[in-house]
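Chain lettering (A, B and C) follows the sequence in which the chains are written, and residue indices restart at 1 in each chain.
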Amino acid sequence: MSRIADSKLSRRSFVLGSLVLGAAGPLALSACSSGGSGGGGSSSAGGTVNWLTWSDHFSNDQLAKVASNTKITGNPKLFSDNADAFLQLKQTGSQFDMVSADALWVKKYMESGLIEPFDLSSIGASSELYPMAKTFEFLNDPKGAIGYPFSWSTVQIYYNPAKIKTPPDSWESLTDPQFKNMIVAENIPTDLMAIAGIASSGAKDPYSLNPDQIKSASGYLAALKPNMVKLATQNNEIVSMLASGEASIGISNLGTDVRVKNAGGPEINSAYPKEGTIGFIDSEMIAAKGNNKELVKPFLDAMERSEFIVENFKTNWRPLFNEAAAKVLLNDPATADYAKRLFMDAPEKALAMTLKGPAQDQQAYTEAFNQVFGA
Amino acid sequence: MTVGSTAGVRVQPGASAPRRADVKRERRDWRQYVGFYPAAIVFGVFFVAPLCLIVVYSFWQTKNYELVPAFTWDNYHKIIATNTYVKTFGKTVVMAFAATITTLLLAFPFCYWLVRYVPKKLQRVLFLLVILPFWTSYLLRVYAWVAILGDKGAINSLLKTVGLTHEPIRLFLYDNPGVYIVLVYLYFPFAALTLYASLERFDWRLLHAAVDLGATPMRAVALVLLPQMKLAMVTAGIFVFIPILGEYLAPAAIGGTHGVMMGNLISNFFSGYLLPLGSAASVLIALVILAVLILFRRSLDTKDIYG
Amino acid sequence: MADDLRAVNPRARLFRTILTVYGVGIYIFLFAPIAVLILLSFNSSPVVGFPMAGFTTDWYARLPKDRVILEALTQSLVVAFWVTLLATFIGTTAAFPLVRANIKNRGGVRVFITLPIMMPGLLIGVSILVLASNVLHIQPSLPVAIIGQTVLAAPFVILVVSSRLEALDRNLERAAADLGAGPMQRLVFVVLPLVYPGIVAGALIALTLSLDEFVVTNFIIGSDQTLPIYIYSQLKFGITPEVNALATLMLLGTLAVCAVTFLALRLIKVLALATKKRKQLEAV
């Protein structure tokens, strides 16, 4: 009998041993983590701002500095398409405190009750903005500001002159068969449809195409498709494909040429399409249901200071609305030329382009786009 | 670790059947099913219910980001009537089939070699190496192929150093062949896992007997081994074919604009909030899966594969 | 066994050589991407491409300072911990009735259980998202992701544990019952000690599956991010070798965990053998 008890005991210890072995590692780590995040969330002054944004709105160094100065930690989650972010905010409700969006989308967020108005002047950093940027019609509501203006850019054609003999000068010219498998553009159905609308029917308002215009727009996309090598998931991919030579033409934002060069790529030229183009004005918004939304204002105040914006320009090379940063960049001989050429000193130019926004009939746009690129 | 029939896929009803009488007491009442409850709740709520919901939604409509519960066949009609969707659907099935066949053809001789010509001790280690890729980020493995096949990739760089080329050449990337290669790469271990388990259990004396009776080794393999492997082949094939039907990351990363598969279409539909259309496309994929499962239901007893 | 076949057919040697070369080729195919991934983690230029610009270990040095990566790593481990726990519990409890209960269509139940393994993650992820947000009105979040991953992982545990159970000699339990052990005692002292390698293996599968799960998780995790989600966003927004460095370390980590588990199981076996021998000696 005692022998049986013996064997039971040792077997039980084996089971225990193996269970402990399996559980100990993760357990210890999860204990560490809950300790860490608990410490961050409980203090009254600091906390975490959950931020749905693009990668060019922040840098890791910047987040670390802001966190050590203000005890507010920015926790960015990235998205690529405005429509994508809109849906994510709609579905996740209180989990995000701050969201980035393109110009005309801001109104849609407001109409859907997803964001809340705020007093722009209560954010100290706003005193560094160009005065005109504070009064953009689409970033303001009778109840106050609804978006904090950040950066802007037109979307144009970039090409590698070493590989492109006859430079494209219009959207229409991109469908030329000689560009087969050479073009890369961002995978943003709404914006590509808008460009197609401008290209095919010269639409004045490419975000509210009528059914006929949608039809001719998808005709344009179908003609463009053989020339497209890839729909990039983000702007960075356009830069890397132009740099590696996998693409020779990119439909992309201002400063793409500088970034390609910095990535060790070839000389890139830009072409402004004859038919006109679209562009974005990015802004930050406060989510109406965010759990930590009261932290957004002090967070923005710290994030949008000119010292960070200067660095941001030197990484992403497209104009921003911070006037103080513009002055620094224009006075520094190393960056003055870039700042001028990339319109850091001319925010009014932002209003000359057709602004990105939600499509009037989003479903029709998505469907038309999918019908071309879904095969 | 493994008991069961030689081919390794049939259930042995007799295994727990003898002397059933003496445990009958415990078997009769409802308590014997208690163990299923947690699984039933989790699978019921988070697997069956969601899939049913998808079926329901495939008959609804959306208006301005809101679902409208009005019965319609429109979504299915739209998919069937749109040329590109039908083409993509067909291409996805063909691609999955081609990748599955290739994976099996690659995996069989490999496993044969492993079981037959590698010493037992080394065999275990080598086999572990086959599963090792599973422990590296799936996403990074997919993107590593861009770094291999790309214009500035490893192969092009090698060709240039050797002096074979001066300008980078486009190696399958951003088109269907690239997707095909990466799919075969991703699913090879699945097939190898199943075939290895089955080959390892094969009674090689049968092969010897055939050779002794005058068959050439090739004929012996074809006439004795292969028929025994049929079920394992089918099981392996199913485990490769079905997941590929829903692949969307590999085609998105490798396929460019020309290598799109059904999964990309579905993910586009859902991210554009075309829920009903996306649901209908999902249901169509699910129907193909169901058809495959019904067609091959007999080879699906997986108990020995993970034994 | 291969030797006597060779004696019969002289061409077998050639055949064997060809197959060996082929086998090596397969390993090259399987490991080329991983080799490239590890190589690029030492690339001094952040731009992906060959030839490498230079050798550096900077990317590894940066890792412990990257707050976002560390945050994602802890999230991953928390999720993996819960998924392993839940999946192992659910899977093990379900394996018992699957093998032992009176079920008419056992094969059918098995096929149903393998469905979540085979069903494309895209469909599972999307449908859970739709159910959670449209019907249950739960926000996509970490707990939803944990449940979603559990759905994927539990079937593996069921399959592994049930095959172990199947192989169990029920006479051992009968013997224990004859000696007066109740159902609970039999479970704890007879069945579990014999089945635990299956449970541990199942738990390990659940753990590794959870750590790398992306497709389903991405749809249902909301504002949090696990490592694969972070890696995906890095891929989208311009990958740096830092991610490669992270993946390399994780590969080493998993190998270490497996080695430790393997050695521990070995040790247990050796100890068990030793005790058995001792007892036999005692008995004599």
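Simple rule for what comes next: a contact is a pair of C-beta atoms (placed from the backbone, for glycine too) under 8 Å apart; a residue touches a chain by one contact, two chains touch by 3 or more.
Since this is a predicted model, take the numbers as computed values, not measurements.
**Q** Is the way these chains touch best called a line, a ring, a star, complete, or other?
**A** Looks like everything touches everything, fully connected.
**Q** A-B versus B-C: which interface comes out with more C-beta contact pairs?
**A** Result: the pair with more contacts is B-C.
**Q** Taking each chain's centre as the mean position of its Cα atoms, how many Å separate chain A from chain B?
**A** 35
**Q** When the centre of a chain is set as the mean of its C-alpha atoms, what distance in Å lies between chain B and chain C?
**A** Those two chain centres are 17 Å apart.
**Q** Two or more other chains in contact with one residue: find those residues in chain A.
**A** In chain A, the residues touching two or more other chains are 233, 244.
**Q** Touching at least two other chains at once: which residues of chain C meet that condition?
**A** Where chain C meets two or more other chains at a single residue, that happens at 48-49, 235.
**Q** Could you pull out the residues of chain B that touch at least 2 other chains?
**A** If we look for residues of chain B contacting two or more partner chains, we find 150, 152.
**Q** Within the complex, which stretch of chain C touches chain B?
**A** The touching residues are 1-2, 4-5, 8-9, 12, 15-16, 19-20, 22-23, 26-27, 29-34, 36-37, 40, 48-51, 86, 89-91, 93-102, 106-107, 110-111, 114-124, 126-128, 130-131, 134-135, 147-148, 150-151, 154, 156, 158-160, 162-164, 166-167, 170, 174, 183, 208, 212, 214-215, 227-228, 231-232, 235, 239, 243-244, 247, 250-251, 254-255.
**Q** Hey, which residues of chain A end up touching chain B in the complex?
**A** 81, 83-84, 87, 90, 181, 189, 225, 228-231, 233, 244-246, 362-363, 366-367, 370-375
**Q** Residues of chain B touching chain C in their complex?
**A** Residue positions touching the partner: 1-3, 11, 15-16, 19, 22-23, 26-27, 32-39, 42-43, 46-47, 49-51, 53-54, 57, 67, 106, 109-110, 112-114, 116-118, 129-130, 132-141, 143-148, 150, 152-154, 156-158, 161, 185, 188-189, 204, 207-208, 211, 216-217, 238-239, 242-243, 245-249, 253, 263, 266-267, 270, 275, 278-279, 282, 285-286, 289, 293, 297, 300-307.
**Q** Would you pull the chain B residues touching chain A in the complex into a rising list?
**A** 62, 64-65, 78, 82-85, 87-88, 91, 150-152, 168, 170, 173-174, 252, 256-257, 260, 264-265, 268-269, 271-274, 277
**Q** List the residues on chain C that touch chain A in their complex, please.
**A** 45, 47-49, 53, 66-68, 71, 74-75, 77-78, 80-81, 84-85, 129, 133, 139-141, 179, 188-189, 192-193, 196, 200, 203-204, 207, 222-223, 225, 233, 235-238, 257, 260-261, 264-265, 268, 271-272, 275, 279, 282-283
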